[in-house]
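Shown below is the structure under consideration.
Letters A, B, C and D mark the chains as written, and numbering starts fresh at 1 in each.
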Amino acid sequence: MQEFNLEQMVQNLEEQIGDKLRTVRDQFFIVLNIDKSELRSLMFKLRDDYGFNHLANLSSVDYGEEFELVYHLYSIPANDKICVKTRVVRNSAEVDSLIEIWSTADWQEREVYDLMGIKFKGHPNLIRVLLPDDFEGHPLRKDFVMGGR
Amino acid sequence: MQTDIYRVNVGPIHPSTHGGLHAEAVMDGEIIQDVIVHLGYVHRSVEKIAESRTYQQFVPYTARLDYLATNLPVLGYCQTVEKLLGIEVPERAEYIRVIMAELSRIASHQIAIAATGIDLGATTGLMYGMRDRERIMNIFEMTGGQRLLSSYIRIGGVAADIPDDFIPAVRSFVNDVPQMIDEYNGLMTGNEIWAARMQGVGILNPEDAVKYGVTGPNLRASGIAYDIRKAEPYGIYDRLDFDIPTGSRGDSLDRWTVRIEEVRQSGRIIGQALDNLPEGEIIARVPKTLKPDPGKDIYHRIESAKGELGYYIVSDGGNKPYRLHVRAPSFINLMVLPLVCRGGVFQDIITNIATLDPILGESDR
Amino acid sequence: MNGQGLIKGLGITFKHFFQKEITEQYPDVMPQLAPRFRGCLQFEFEKCIACGICVNSCPNNVLSFETEKDENSKKKKLLSYTIDFQHCMFCNLCAEGCPKQCIYFDHNFELSSFKREDIKMVYLRPAEMDMREEESTNGQEQQESKEQKQIDAMQKALQKNPGKVLSKILEQEEDIIILSELMQSDEKTAGKIAELMVKDKEKAAKVAAGFVNKAKKNRAKTETAGEGGDAND
Amino acid sequence: MEALFVNLAAVLSGWLTSLGLSPIWADTVLLFVKWIIVITIITLNIIILIWLERKVSAFFQERLGPNRLGPFGIFQTIADAIKLLTKEDIVPSAADKLIFKTAPMFFIVVAVMLYTVIPMGQGMEVINLNIGLLFFISIGSLSTIALLMAGWGSNNKWSLMGAVRSVAQMVSYEIPLAFSLLGVVMISGSLNLQDIVAAQGKLWFIILQPIAFITYFIAATAELNRGPFDMPEAEQELTGGAYTEYTGMRWALFFLAEYTNLVAVSALMATVFLGGWQGPWLPSWLWIIIKTYGVILVFFWVKWTFPRIRMDHLMSFSWKVLVPVSLGNILLTGAGIYFCRWMGWC
């Protein structure tokens, strides 16, 4: 791990990965939009070369035809932050598991699988975590029919 | 000697699982081989509820995430929405928020202290912790109207100005904090039986702690001085002077002492906030319907009593969040429970659950 | 270590053995509730203007109401108001939004009931409200309420600055002081004077003078009585 | 006052012989009466003790404790007893029924048997046994079997864990318990409890045998399954340990037995270390009650202050600390006695 600044890092990454990486800067984060095939290698680079050792948040959003997976990474103690997003199509919602890179991805991926129904390739124990095992459907999908009052 | 492995279900109904936690212990005699954690007994689909509530309506739901530190999750959510909409919070409100947030942190830690006390058999420790916490509850009742889930912090500020007897009550509480800590230390920390039950139990080394995303007092007990109030200050924390207590061994005793020290530091913070409490507005001018720009998303995090509490909100331009995700520290901290329990004896499960201090309302959401 | 901690712990519990208990003696002694305490939700039908802010702000669909459009005044008329209290989160969002303060929390916290149906509170439109509305079409009530408002304002003014207001009907400063003292101790007097001042100033002056005279007499009496008592001793 | 009960017994036995009963039958009837009195005293004591423990623990925790029923809530225990008696008696379907049902009875019988030898005053005991102390220790250790029966019979993992723990614990603590009493026996030269009391006429054995007193106190706490050694129950860990499956009166019997044991052990402590029934001014039977309750209050105090010890620490504490210390105490006592004789002091 060497001294770096975020802009430089983004440049390096863009050079290395090419058109599969699209960088957007918003008010709060530098967002790296990555093709899902490159997700694992990008994450390895971010952790090993740039010290993003803290996967703070792993979340997913339903955009109709596609799901978006959102990773918020921080580095301890350097305190840099970056956001990585990747998209998967609804019908074959599967993405590489990051459990090898950050163990914390374990339950967070299980949660995403549980509530959004995205599968994680390489996850050793991909079962529901919050809902009962016999639950049908994935409630955070927008087409989930809610009952109740 | 050949022995069979057997499984004991600690929870979901068990005196010391702090709610509906179900830890399935795989045991070889008294030695723990593994712990399998089953969650979801308190799952209330908060994230789905958020999608059908307006930004303001969701505020009381956040209070029910970490119900022992009720103002902290509310603060985190309100700050996230404020950041998303670019709302400036008045100075006075920021100070009141800090006071309420730190009081909540103390309340949560006192529950941790009290519950650890009873989990380890020191029933009297429970009563002393709860007794002191009751004073905070009175302060919450005075300001927010409710004792446990006060729903006092609002988007843009706080719901109402502090009442007249608020400052004396908080001051006297803060002044008594060192005395309370002495009592906890005298009754529990200094006790040899206590120390023997905690020292070297449930060791979490710093590498594992970071790898597993553990945050809050549990991470600091492993020796990493990482506190979001210092690392990425929100509100007015950059103007306040306080220390980050850390441990060295990462065992249960460190987690316990770090919490006790944090109570002291929170007391310091409240004292400073009271000293500098400015006059002025308590809530910003917030439109009746909040409509952030479509497609905007934000991840904002605060240092909750349990660790890094983050909210990820995606807006579609409507008055309701398109997607809201809560990064619950208890959920992620619980992931290390099997790791810290392995190889210990059965009673260590109880110690470890107590000192990891999960709150199931938050972890199950 | 080596037992010192154990002995210290014993010392702490021993000390507490003789300390005062902190138990709240509910229900023998009712707890002291803070003014902002949120107990049971209360609704005042007559104040409500059926704006619907409370219903819209409730996160958990606790509140609901039925309205009817009044054909004459083209105002919304509230028919019934339902509080399904079992779902209430006590968040105070309804009460904060209400422009008329007609929904609020009182201090009653003993909310348990035997049946689920008993939790639901339904407020129906009281019959006398319709009757009063008919009267108001004659314009009588409007005037009445206008007058009442004036009287209220006058009373407030009297309380705030009695000297200035009373100088309109009384001339001597001594009398003004006596009367303002009297009004502070007796709200009824203040109300009467305020009412008269709005309706009939001359009468007000007479009554005020009467009050002052009476007060003077009383004072004289007590003074003499006090003196007499001293003499007897 | 002093000889009140002794005289009563003499009157009763005289009356019985006057009825034409042979002396041996009169003695048997008298024994029976004594037993009934002992059981009544035990029950009364327990009603008071349960109330006392709740009250004392409440005061330690700045609470009020029971205060609704009767003055200072003293009738609370009776109300609880009625509640427990009217509760449904649930026997788990998978339980070993015979063992499950007999365990609480066995426990209480063993506990009551301890009172046979305790001198409750001058000349006041059920039987004046010349191996009283030995009897007490050996009967006391039988309660282990009751707990094992309860744990095994319940057919529940928590119960079994509690039972196994308690067996391990009680067996290990029996040794320092007996060893710490040996010092006293060596000085007094007798296993008869009345003789031991008489030997303390000048000096209480707590002063001659302070180490034995402390080791006995710790070992007795463990024997009684009281905090900080309440392994068999351990609500916060084993949800109730050996008693998890018990309800109603069966459950209550366990607690009756525990308190019965508590009184017995405290009375033995008062007898062996605190001069027994001896004391100025007051009658002897009042002195033993006062001393016993003093010891019980210390037990309460310890329980409501300390956290529960861990199982492995508990075992190693017994074998690595208490056993060597109590053995050392015997050596020291022996040396002391030898030294005394050599010096001609005794």
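In this text, a residue touches a chain if its C-beta (ideal position, glycine included) is under 8 Å from a C-beta of that chain, and two chains touch if they have at least 3 such contacts.
As the structure is a computational prediction, the values presented were derived from the model and not from experiment.
When you average the Cα atoms of each chain and compare centres, the chain farthest from chain B turns out to be D. Set side by side, B-D and C-D show the greater C-beta contact count at B-D. If each chain is reduced to the average of its C-alpha atoms, the one that sits nearest the average of all protein C-alpha atoms is B.
In whole angstrom, the spacing between the mean C-alpha positions of chain B and chain D is 45. Rounded to a whole number, the gap between the C-alpha centres of chain A and chain D is 64 angstrom.
With each centre defined as the average position of its C-alpha atoms, the distance from chain A to chain C rounds to 56 Å. For chain D, the set of residues touching two or more other chains reads 60-63, 304-306. The residues of chain B that reach two or more other chains are 124, 128, 131, 187-188, 191, 193-194, listed in rising order. Residue positions of chain A touching 2 or more other chains: none. In terms of inter-chain touching, the protein chains here follow a pattern that is not a line, ring, star or complete graph. Chains touching one another form the pairs A-B, B-C, B-D, C-D. On the chain B side of its complex with chain D, the touching residues are 6, 8, 14-16, 30, 117-125, 127-128, 131, 187-188, 191, 193-194, 196-197, 345-348, 350. On the side of chain D, the complex with chain B involves touching residues 57, 60-63, 157-158, 161, 227-228, 230, 234-237, 239, 304-313.
Those residues of chain D lying in contact with chain C across their complex are 56, 58-64, 301-302, 304-306.
Taken together, the chain B residues at the contact with chain A in this complex read 39-40, 43, 45, 47-48, 52, 83, 208, 210-214, 224-226, 231-232, 296-301, 308, 310, 312, 314, 322-323, 325, 327, 331-332, 334-335, 364-365. Those residues of chain B lying in contact with chain C across their complex are 53, 56-61, 63-64, 124, 128, 131, 134, 138, 141-146, 149, 151, 159-160, 163, 183, 186-188, 190-195.
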